[in-house]
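There are two complexes below, and they share chain A, which is joined by chain B in the first and by chain C in the second.
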Partner chain A sequence: MNSKLLVAIVAAVLVALPFLGIGPYPLHLVIVILIWSFAYTGWSVMGRFGLVSLGHGAFMAVGGYVTALLWNEVGLTPWIGIPVAMACAAGLAVLIGYPCFRFRIIGHYFALVTLALSEVVRQIIIATRDTTGGSLGYTPERFGDGWSIVAFQSDDRMMFYYVALFFWMVGLVIWRLVDRSMSRYALEAIWEDEDAAAAVGVQVTKEKLKVTVLSAVMTAFAGAMYCQYQMFISPDTIGGVGISLQIVFAVVVGGIYSMLGPTIGAVITILLAEVLRIWIGTEAICLTDKICFNAAGVPLLVYGIMLILFIIFLPKGVVGAVIDKWQGRGKRAEQS
Partner chain B sequence: MAEFTEALFSIFFVETLINGLLLGGVLALLSLGLNLIFGVIDVVWICYAEIIMLGMYTIYFLHVDGGMPLIAAAAGGVGVTALLGWLTHRLVIGYLLDAAPINQLLATGGLLFFFQGLAMVAFGIEFRNLGVSLGSLALSEDIYLSWTRLLSFAIAAGVVIVLFQFLSRSYLGAAIRAISQDREIMVLMGVNTKKLYLLTSAIGGGLAGLAAALLAMQYDVHPFIGLSFGPITFMVCVMGGLGNMVGGFLAAFVFSELITIGGYFAELEWGYVLAFGFFIAAMFIRPEGLFARKS
Partner chain C sequence: MLTLRHVNAGYGDFQALFDVSLDVNAGEAVAVIGPNGAGKSTLMRVISGLIPAVAGSIEMEGTSVLDAPPYEIVGMGVAHVPENRRLFPRMSVEDNLRMGCYLPKFRARFEERKRFVYELFPRMQERRDQLAGTLSGGEQQMCAIGRALMSDPKILLMDEPSAGLAPVIVQQVFELIDRIRAEGLTVLIVEQNVKQVLRVVDRAYVLESGSLHMEGTADELLQSPEIQKSFMGM
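And then the complex of A and B:
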């Protein structure tokens, strides 16, 4: 199979997608999937080395809120606001990451410390409700009708589609660069055995910190992009424990250890939620006047079961399982 | 500065401190079951707060719709959560005992979503109130203490004592303590670890039901209530040293005082920020938990 040809065909389809007569709603779904894919890819950059963070909701919220607050309060364009937000996320990542790595907080202790981080950021947003709107959410001011480069806003979905597509590809390129770098070997060695890695000269804290900052910055950027596209953010839609878990789980479903895993995870989880929502609806279905079922909860229910099944039966995710199967077949063909 | 000193010694501040102490009782009870499970099975149940949520619903329906007396409803709640704990181990964790710890954690995270979805499908998203108030105790003209909180505190303290007696005196308790000390050797000694794990999960679940009974009297129940006290529960357990029940008990009070004092000087959210900030700082000083015994 000519993989280069396949990539070229997929790329061509993606670029031509808005012209293929796709409706506004499917296009919206594709954009949302691309933005989340970028965030998930950002998480998996560190998650694939056993650094399971449950704090990425915090970085995403920082990305969205700092950008929107600077635009509304100071009038600073997102072109400056987004880098500032990313710098803030990097700072936060160092603040939490350095002591964690220095003092060897790993495994589920690391997961729980980062969980506290996402809760801190959510509570701060709620506590400063006079400025941020608290749990009611926050809306960046509209620039006006049409599109504006300065405001990084657009009425036109198609423009945003290309922006999201571009950055999604940048995300994949970053993943690839990390995959090909020396840091990858260092981080895999650290994951296997920290002491052994340190003994052969791997700078444990530095390597971990580098990948954590990269991951945080990417997630913050996704948060900012989400904010500019949806024009509405709230602590529960881009932050908090719920989003942190959502990020981890989508990646687990898609595949932590493969480049397209996070993207496939985003496609599966977002489409699943949408299909179930449209198919079952959000109305209450009443059998009698006492016994009612609220269909709005079904996606969450299915999502939960799916995750458990995935972790038990397909811990490498959909993409990982497919790759394993494919390679296994190749090997068997070689042997015979 | 004068204002600050004044605030510090005001009668309301004393009330705050006492309320913090009482909240600590609830937190201690919340963290007990989680700590027991971690100590024995070495798994963090991210979905623990959601089991409590389902326990609260059970108590609500048994009491409000079923017309059962509160004590009986609470017992029913404990029964249901014990069963849920048992099922959690039987159907999920049991298959992952040899998996990476982080996968176990994530699987219970899947359960978290499942329980939330289940509650939403079955009970809808409206807030439900048990409608039980035990009133409050007037210590002086200005200080009132809610009976519910006093009761929670007393029950939490009682449960800790009972659990300790169980663990230190009974045969089963000794087995549970032994298994948390050395997992591999216990199998060689002919201990049926599977049975012990299931028993521990059921006890842990039952403790969640007890916590649910006390929480149901203080808060409205809705499918996402678990998210509001789940994170605090984990922090308490980790700060006390995961699996260390005495540590968890002490940590609960440190946490509750920080939350209420923060809430006294600013808003309640800042109390949480203070408590979580303290948690993160504490993790850096003593990653194994503030109250963990030195090994």
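And then the complex of A and C:
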């Protein structure tokens, strides 16, 4: 099938989606999927080069909290607040990335440093509960009813759908630009052998820092978008280790090396979470009189099992596996 | 072309090079020979800026490269073929070559340099889409040399090109070096395979425990009883 035609059809369906008689709840799910897809794409921009960060929950939280705090406390419009939040995330990325890259903290050690970052930012939010609301969460003040451009708020899901759709596509374009750039070769070379990369003239620290800042800024933007859409953020919904791991998990499931991998990962994980939530609920489940647990933990259990299975059997994720299969069939067809 | 004066270098508290001075003139092939752990690789890494020199001076065509980062040194025309090839194993041969002219000022000449390397090593053209990690040892060495030649360097630093290769392949690798010399390139090569390397270079230095002990033309050293005794088992 003509792939351009396929893309055109998908694009047309996405643009027309709100007019296809879709209910508010499915539309809400699609918006949430688009926002998370953007965050996941942001993570995979660096994750695909072996720069596994478990700290992206921190960047997402910075994006949401800085935007909301500036709006509530200073009255600064998100049009300025979001860029400021992104700049803060960039600063944080340099603060954590530069020493790591300069002193060759790579692989598992880099993941551990970033894991700590997730927790540090979460603890800061909780410690400053007088301002941030701590673990109870934080709500940007409503501008009023209807929609407001200045406040970047809207009652109307449809409007937010188009905003999210637009930025989701921007995310894919950024992914593609990185994929086509010389930095991609540099980062792959660094991943394989830092010394050899340096010996051919790659500026190792600079290249790593560039992609880390890009990734952090994208994730912070997703956090801000999430905040403006949900009108509620808490350390556990956009920050902390939980969100960091969720990001990694979704991208691994969808496909870390493909442009649409993070998006498919978002579709699978968010739908799965919804299905499990509706199906199992949040009641206490008792196996015997003594052994009881909260059903809200079941999705985590399912996630954990799925993550193990994916890493063993589908290391390139769903999209990667489909592409491999498709190309493999093409090659066999050529040979026969 | 390349001048080292009283260079000291090491890793942390450990000093690996003591007061090393050597010269490589344009068009020459010079070897630094010595046993394991003599500091040969350290010498190469200091010249290409991968580790800093603690003291002394290193000049490339009169310009100091002492505090220059590796990418600037590559830009001055110093290309490094690292020990054990150090290719990018999951990249194709052609992408490995592409990395060889990674610096922006070299990129425009990618096609031209690629043709040059393919003419020099036709085997690389046959293998261009193959992942570098799946090449045989000798082919990997070809690819590593090819990658270094992509930037059209003035001087090629070769770190133990024969390491880890079967004797037949070692023979081929030294033939490659002969071919590169015929292109008029200046070469600085460190080797343990003394007998072989002295046949392809003009001059050599002997490095032992981090300092230079002897120097001479390749023929002088080949005839020297001391060299024959310590390195050739005669």
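Definition applied: the second predicted complex is superposed on the first by the 324 of 336 C-alpha atoms of A that agree within 3 Å, B and C clash if a C-alpha of one lies under 4 Å from a C-alpha of the other, contacts with A are read in each partner's own complex, and residues count from 1 in each chain.
Everything below uses one rule, namely that contacts are C-beta pairs under 8 Å (C-beta built on N, C-alpha and C of every residue); 3 or more make two chains touch, one makes a residue touch a chain.
All values derive from a computational prediction rather than experimental measurement.
Participant: If you stack the two complexes on chain A, which partner ends up touching A:104: first (chain B), second (chain C), both, or neither?
Facilitator: In the superposition, A:104 touches chain B alone.
Participant: Which holds for A:5: it touches chain B only (first), chain C only (second), both, or neither?
Facilitator: Neither chain B nor chain C is touched by A:5.
Participant: Could you look at A:182 and tell me whether it touches chain B, chain C, both or neither (first, second, both, neither)?
Facilitator: second
Participant: Where does A:20 make contact in the superposed view: on chain B (first), on chain C (second), on both, or on neither?
Facilitator: So A:20 meets neither chain B nor chain C here.
Participant: Mind working out whether A:200 is in touch with chain B, chain C, both or neither, as first, second, both or neither?
Facilitator: Second partner only, chain C.
Participant: Kindly classify A:150 by the partners it touches after superposition: chain B alone (first), chain C alone (second), both, or neither?
Facilitator: In the superposed model, A:150 contacts neither chain B nor chain C.
Participant: Counting touched residues of chain A, say whether chain B or chain C comes out ahead.
Facilitator: Counting residues of chain A touched by each partner, the higher count goes to B.
Participant: Once bound in the complex, which stretches of chain A touch chain B?
Facilitator: My answer: residues 50, 52, 96, 99-100, 103-105, 107-109, 111-113, 115-117, 119-120, 123-124, 126-127, 240-242, 245, 248-249, 252, 284, 292-308, 310-312, 315.
Participant: Where on chain B is chain A touching in the complex?
Facilitator: Contacts found on chain B: 44, 46, 92, 95-96, 99-103, 105-107, 109-125, 223, 227, 230-231, 234-235, 238, 242, 266-267, 269-270, 272-273, 276-277, 279-280, 283-284, 287.
Participant: List the residues on chain A that touch chain C in their complex, please.
Facilitator: Per the touch definition, chain A meets chain C at residues 182, 185-186, 188-189, 192-193, 195-203.
Participant: Give every residue of chain C touching chain A within the complex, in rising order.
Facilitator: Counting only chain C, the residues touching chain A are 48, 50, 69-71, 74-75, 80, 82, 86-91, 95, 98-100, 102-103, 107, 147-148, 151.
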